[in-house]
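Here the chain labels run A, B, C and D in written order, and each chain numbers its own residues starting at 1.
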């Protein structure tokens, strides 16, 4: 029997690229975590060890840093598109490139009511993400941009219930009319196109829609909150083809204070670590565009 | 325009199930991290918030713990198969179940040359894994077992080179005749069948083949080491249909001691954190069986 | 030879207490991580195993949750003082109590320009801390409050140098006239008193002083920035007896782009993980008050 | 009012030093995480920013790597003593040095029943530690070695009880006659002397004593197990002056399966994350030697 190389990719992961724009005294900072990978026919590299077709991961790293200057970073998406194209250009054996970027936000430190020119505090909280895939294996080259955010921890202290669920002999859960709903949201959306999108504006607006919809939607379940959030994004953003969520239900259990004669009417909770519910869902346009390889190796969404 | 629910799944993640077998004075321990999920037509739960079709994640948790006793845990695979079947049985709306298990190994504490009856030390190092998927959406129900290990940190202090690679204008890497090769291996393999396999024996033997092949293969690149390891597994284990690897190249850079007049001929290295090469590869049987949904939502491998 | 019990403490660590104030439709949230411990003569518990003097950690946990309602949480410090007193009251063998609190901040989700009544997003970034120690081992009971923050990641993209340092034969570092200075700040300060302090206001103001001083101080070294920050706090806050810092120098190395013919004049950096400089310093009032056991078992500061 | 510099130290943390001994075909590996720090009168560096007395952390890093070759690594303790002495020799302003080392163990990969010459698997599990302090601030120079281990996860599935404890109105805990006892042990012991100790042998033997005593001691409480373990070490190791423990009580709660009609007689547990009991204790020789600054800034033990 013969063995063959199946799906594969290789690259340099987690290049911590920090770019300072210092053309004026008022600096700007972009703080990225960049991972690149190439797919293709790298059979020789695997089977015989011949590396003649392999652009080393070290070279991918060098390019990621050089492009921070040569191409610049106006948005994670624009930078990732440029980087991925470059890797295809110089690697004949590659049929596809994949560039993943995480961006950490920084705020200017406030001094006397004014943001400082060159002193910053990292915002913390959620991380902006993009995964850009460019494929030339078929007749027509294709490219996809899947952007999003992760680690956005949100909570509603009321306006959430969970009841009317299926029961079996292992059911012990009580129905809840009023509970805390909390999650550490991961959302990723696929853009219909890679041209003509204002990446930064789209990101900011979609983030706002997600937060506002979460806040204002009465929740029958986390699934239903997510679906409402996704629908609101598709409704307001024609440039988005579909949106996917991965949302741990971060349980906050009401603590039983009755043994101590203390009432607890939704006031004292224990935030639990594990286990946690995990809800994963996609909201799509009916008859929407083909996703192709857009979601291939997107962490948590394939 | 109308929006629709796309691919989705939900369940309880990371149930930390510890099962003690204490039928004799010589106890046994199985220490698992269990995550279950259901897929199917859960449109109502998402769109209207009606949970009538939803087996709560809390119930999935209860079942995971109850089955640790009622079904028992002879292997992660056997336990996961039973649990996944159960969830399909009691959830008509579900078309598929997915049960993922991580197992942490414990060794008996040695007392005077003998393993103690009921005192254990956690082995540390790698974690055994399985992802079992059962699908009844088509005409014929199907089930897949993808088992493996993760966090197996291995290193060769010689017998590894990297040269003859593709060059471009961003190349600065020097060719290496003798370097450290190290990775934190994740390997997952799909079994051809879910019946008649001795899960524990297969796991132990495959682990041995992986380690021995890594040790004894002269490495032209991490890709080639992985391919050799995968081929050796397929060669010796007909019950394995294919094997996939995700292997960070944990760089150990030779430290330049020449400014201090100190020679460093492969003796002093700095172990780097980020960035790291990341090699992902599959070794398959030529004309092998269809993987179906076996790899769907397998972390790092889809 | 005889062995004796030396310094010891025990308690319940990391109670994740979430308190919702819902007296009006506009909810408030306090999100704490609470750890309590008792010190004293617990010789029997250790030597013979007799637990008659031991208030179980489980009871400490129950009390932490009950007090979230019964005493309430207006500030971490006020809550910790109450909790620590309680434990001393009910545990005759204890000579001292220690309560450590971390607080995670939440912001209201903005909906149409207004903060929502009951929907919140976790702020991320730094964590507010306090360690409250109450000791009755001596003639006069004493209590200390050490408050602070951790994980405040701050960066200056210019206005920082490092030169004129001591040299030896292992020196390779070049002097730097203009570099990035970045740290993940941990600061803890001891209050002179435990009464009459507006804990929330003090915290907010000190945080502002730290940030503003970091931003506006030209830095000759991280040590000097910290000293300036500490002095500014002592200058403006008579209620603070002393302040301690633990500050990793999060190195951002200028990337050498010259092999590619690309200039890099302070624009492209790699953010390194390890190793990192670690600077620890105290700024005190000359002839200041005795710290007693205030810093005993304060993580990173003893 | 004047402010002054209080206790301070600075250095390079987490140098990941890997040393391969390759004098014969049978290689040896030492894998260390090295952190060094200097204490002393560094007032100028803090107050005026003058770095003339400061041996840069970068130089400390260089020295750590160079000494891996020049001095060699026969044990963490021996290497740390040499490194700390060197830093004092070349830094006149320093009154004390502190070198902390963590060591990760590797096993040879077994090939056909024989350990391979140059292929290794990281053992995982516990980490060996040492903190070496050398002080010349007083009339007589002093040095201390505090060695130990951390992250040793151990468990007894029976032979552990907890009862007879103090009760108050917040008590809900039931007495337990037979429970799981588990911890992730951190133990650190101070050696009486820094000369004439066989560091590797002492470490191995003390580790064995700790494990055997844990296994064979019937436990009335984690405190009592720790005290027994510490006493056994002092009993058998005259070179040890005192030993300290930090031991989270990793709770394994019996799962209530009675709602499902399933008995659970100590067979099915849930391993909880937070909160956890945290037990910290010291066992000393009566009238033992003065610890001086041995424990100063030892993580978790001061």
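To be clear about the criterion, a contact is a pair of C-beta atoms (placed from the backbone, for glycine too) under 8 Å apart; a residue touches a chain by one contact, two chains touch by 3 or more.
Please read all numbers here as calculations on a predicted model, not as lab measurements.
Taking the mean Cα position of each chain as its centre, D sits at the greatest distance from subunit A.
Over half of the residue numbers found at the subunit C and subunit D interface occur in both copies, marking it as a same-residue contact. Look at where the CA atoms of subunit C average out and do the same for subunit D: the two points lie 23 Å apart. For the pair subunit B and subunit C, the distance between mean C-alpha positions equals 38 Å.
Residue positions of subunit D touching 2 or more other chains: 15-16, 62, 66, 170, 172, 259-260, 273-274.
Those residues of subunit B whose C-beta lies close enough to touch subunit D in the complex are 15-22, 27, 29, 31, 62, 65-66, 68-70, 106, 109-112, 116, 118-126, 151-159, 180, 208, 211-212, 214-216, 252, 255, 257, 259-260, 262-264, 266-273. The residues of subunit A lying in touch with subunit D in their complex are 169-170, 172, 259-260, 273-274.
By the touch rule above, subunit C contacts subunit D in their complex via residues 1-16, 35, 37, 42, 45-59, 61-63, 66, 90-91, 162-168, 170-173, 219-221, 223-224, 226-227, 230-231, 234-235, 242, 244, 248-249, 274-286, 296-297, 299-300, 302.
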